[in-house]
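Across the two complexes that follow, chain A remains constant while its partner is chain B and subsequently chain C.
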Partner chain A sequence: MADKYYITQHCSIEGSRISFNGAEFFIAPDTAFADFAKQAYRHAGIDYPKFFKMDNLSKLSFLAADLLLKDTVPDGGNNTALLFANAASSLDTDVKYNDSIIDKENYFPSPAVFVYTLPNICMGEISIKHKLYTENSFFVFEAFNPEFFANYAAILLDTNKAETVLCGWVEFFKDEYKAFVYEVAKEGSLEHTAKNIQTLYLS
Partner chain B sequence: MSRGVAITGMGIISSIGTTVEENFNALIHGKPGITAIENIATVHKNDIKVGEIKRSNEELAHELGLPVDNNFSRTALLGAIAAKQAVKNAGILDINEYATGLISATSVGGMDMTEKFFYDYLETDENHRYISSHDAGDTTHKIAGELGLKGMVTTISTACSSAANAIMLGARLIRAGKLDRVIVGGTDALSKFTINGFKTLMILSDTYNTPFDNNRKGLNLGEAAAFLVLESDEVVKKQNKKVLAYLSGYGNANDAYHQTASSENGDGAFLAMEKAFKISGLQPEDVDYINAHGTATPNNDLSEGRALIRAFGVNVPDFSSTKPFTGHTLAAAAAIEAVYSVLALQNGIVYPNLNFTTPMEEFDIVPQTVLKEKEINHVLSNSFGFGGNCSTLLFSKS
Partner chain C sequence: MEALKQELKEKIINILNLEDVQIEDVNDNDALFGDGLGLDSIDALELIVMMDKDYGIKLADPKEGKAIFQSIETMAKYISENRTK
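Moving on to the complex of A and B:
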């Protein structure tokens, strides 16, 4: 790899708690995700009613990304690529959708739920809010894979496909969730290495 | 970029013909393939019209010489027929002679069989062989098996721009020197899954689709498969191959607007065209014909029309949508329209945009409505998918 890249900001959401660059940003102990997400949305001062129709994975990803992108201008000129991954894909919503069609007597397939039965929709929601006409890819791995993020983000930056990259591990299934989203840029102090990514992921 | 990546073979099966020649004849004689649905028992049969291939799965399997207990979905059957034609047309005798790949696009995959046998699977194991044919990748591997291809095989599913992205990926692999030769395209069969899905979105027309018409009512679904053979300059030179046309540019962009709708001013479409021009080194004024996405939904045609005006200014070249002939064949659309684009270059033909009567009130551009013969050196073809996945391909004369 020709150049060194840096992690400039990072955000984790897990167990009703949001941390932003290592500091606690918001906490609502013992709150179920639906309520937690609503409270976090208000706390962050977001005004975007579409948020409330999103599925859990999109809400989780959106909240984390919104913190990292809050100082950017949504004018279509922001060349931030999105590189997301998880292990459960969109299974949380897939199961809900399946529940709505499993009973022949009570069969109600909702298009509003159906559109979320793909994991990459969460990146679409982020792109729409922040007007990112940029590269995006969603990968499904067995487990968190810091080498992959280090390598793939570097390729995006090496080849000038993007100015910055928002990397995200966003996992949601049943009551378990974790988001770890961070920004990679060409300038900074914490080098974008698999080891540093892993350390932040676990912190 | 040089002239681009050489196209040396084409194959196609659609509702207007089972060969390249039949498709071309239908296009130039204005014979559409939109009818009532026959192969699928659907409650919507009286409300919709489709571009259906009037051959049963048994007939298609027989043509391929498959055993009666095969587990090919209709998507795989159509794909195998078109891919075999393309390989034959390219004069390839030994498919593994060079580093050869297969990139196929599909959105339906094996859903046609899954929806047919889903409830039966629990009752009897009679059709269990189709369970493993469900996923989209199986379709591509089945086609690779029919071709005897041992090289790279991959599947692209980005809704209605899928085949454009398959063609684009193939071209990039050739230009990067990763492959010498690649068979690229897409296949989609009609299924209840797509009929009901589009019906729910309320974008199916109850009559013949009318792209770019002010009173358009939506799309007709279709089924088809088409493949191109792309080869590197070295392989072309070494074998003294006839080049049908060149893929001179390609672009893909994110509309960043909505899951199932295009943005008001066609942002993604405009960006895709802009990227394709940049890669090809061509200018908008070089384009002689645009094969539009033109699905005849109120949303697409307005968004695409505005994007065309943004990309081309007041002098939008001759454009038409061929979807009144074939219906919207989803993941196969960009592949069949790639074949039509090459035929337009070879024969100097602008296809008529059938069923058009009333110009749209939002802008002044109108499609070419009758067959037009003229010198055509460059064709631009658009394909836009749900999720805001917008792709443009540029084809140039060999």
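Moving on to the complex of A and C:
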């Protein structure tokens, strides 16, 4: 790694609660994700009807990323790479899609569900909304991997593939979910190290 | 025919997750794609599945869809003339 990089902002979504830079942004206790996501969308003042067509993983990722990117000028001119990962891949939607095709007598596969049977689609949704024509990669690990985020984001910045990197751990399966999304930049105060990433992830 | 149009509006709003659209917002001759309801290509595929599942109509030629899915009016007319269930 040639330079030091910094975590400039971060967002976590878990258990019907959204925190942004360590402060509570929105909470809806004991609310299933479908309703929680809808309420959070309204609370954040987002106006993007396509949100309601997304699968759960994309909604989760979109809500977290939107908080961090909403003040970015949406002209496609910014240079923010996306680096996302999780453990369950797109399993939540894969199971739903499988359920829709399991009965050969009632075989009506849904195109709208099928398009979300890949985990990286959530980054596509973020890129479309924020007009990001940038590097993006989605990895699947057994567990949260702060060393990977620290190293891979640094490589993107060292090699000038991006000016900033939006890193995200976005996990969703059967209404159990956690999103931890943060921005890495060349200037800031909290150094982008595996230890700091892990601390924020657990906070 | 009026009942079918109403049914189609309800189905389209529900199946395509048009969260902010009410039945009364959809006029019979409004364009479903483009400047109208703003449906996209995936929505078109969902409508083709719906035609098969709910009305027993298989659209073999996707080009047919352009005329059929022009509006609620055109959909209702085609369904009433071709439905098998």
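Points worth noting:
One rule holds for everything that comes next: the second predicted complex is superposed on the first by the 203 of 203 C-alpha atoms of A that agree within 3 Å, B and C clash if a C-alpha of one lies under 4 Å from a C-alpha of the other, contacts with A are read in each partner's own complex, and residues count from 1 in each chain.
The rule is short, and it goes like this: contacts are C-beta pairs under 8 Å (C-beta built on N, C-alpha and C of every residue); 3 or more make two chains touch, one makes a residue touch a chain.
Since the model is a prediction, treat every value here as computed from it, not as a measurement.
By the touch criterion defined above, A:P49 reaches chain C but does not reach chain B. Within the superposed three-chain model, A:N136 lies in touch with chain B and out of touch with chain C [touch as defined at top]. Contact with neither chain B nor chain C is seen for A:A32 once the two complexes are overlaid on the shared chain.
Of the two partner chains placed around the shared chain by superposition, chain B is the only one that A:G124 touches, whereas chain C remains out of contact.
Judged by the touch definition given at the top, the superposed model places A:V115 against both chain B and chain C.
The partner that reaches more residues of chain A, of the two candidates chain B and chain C, is B. When the shared chain is aligned, no partner comes close enough to touch A:I155: not chain B, not chain C. Counting contacts by the rule stated earlier, residues 109, 111, 115 of chain A appear in both its interface with chain B and its interface with chain C.
The touching residues of chain A, when paired with chain B in their complex, are 76, 109, 111, 114-115, 118, 120-121, 124, 127-128, 131-134, 136. Those residues of chain B that touch chain A in the shared complex are 197, 200-201, 253-260, 267-268, 271, 387-388. Looking at the complex, you find that chain A touches chain C at residues 38, 49, 52-53, 108-112, 115. By the touch criterion given at the top, residues 16-20, 38, 42-43, 45-46, 49, 52-53 of chain C touch chain A in their complex.
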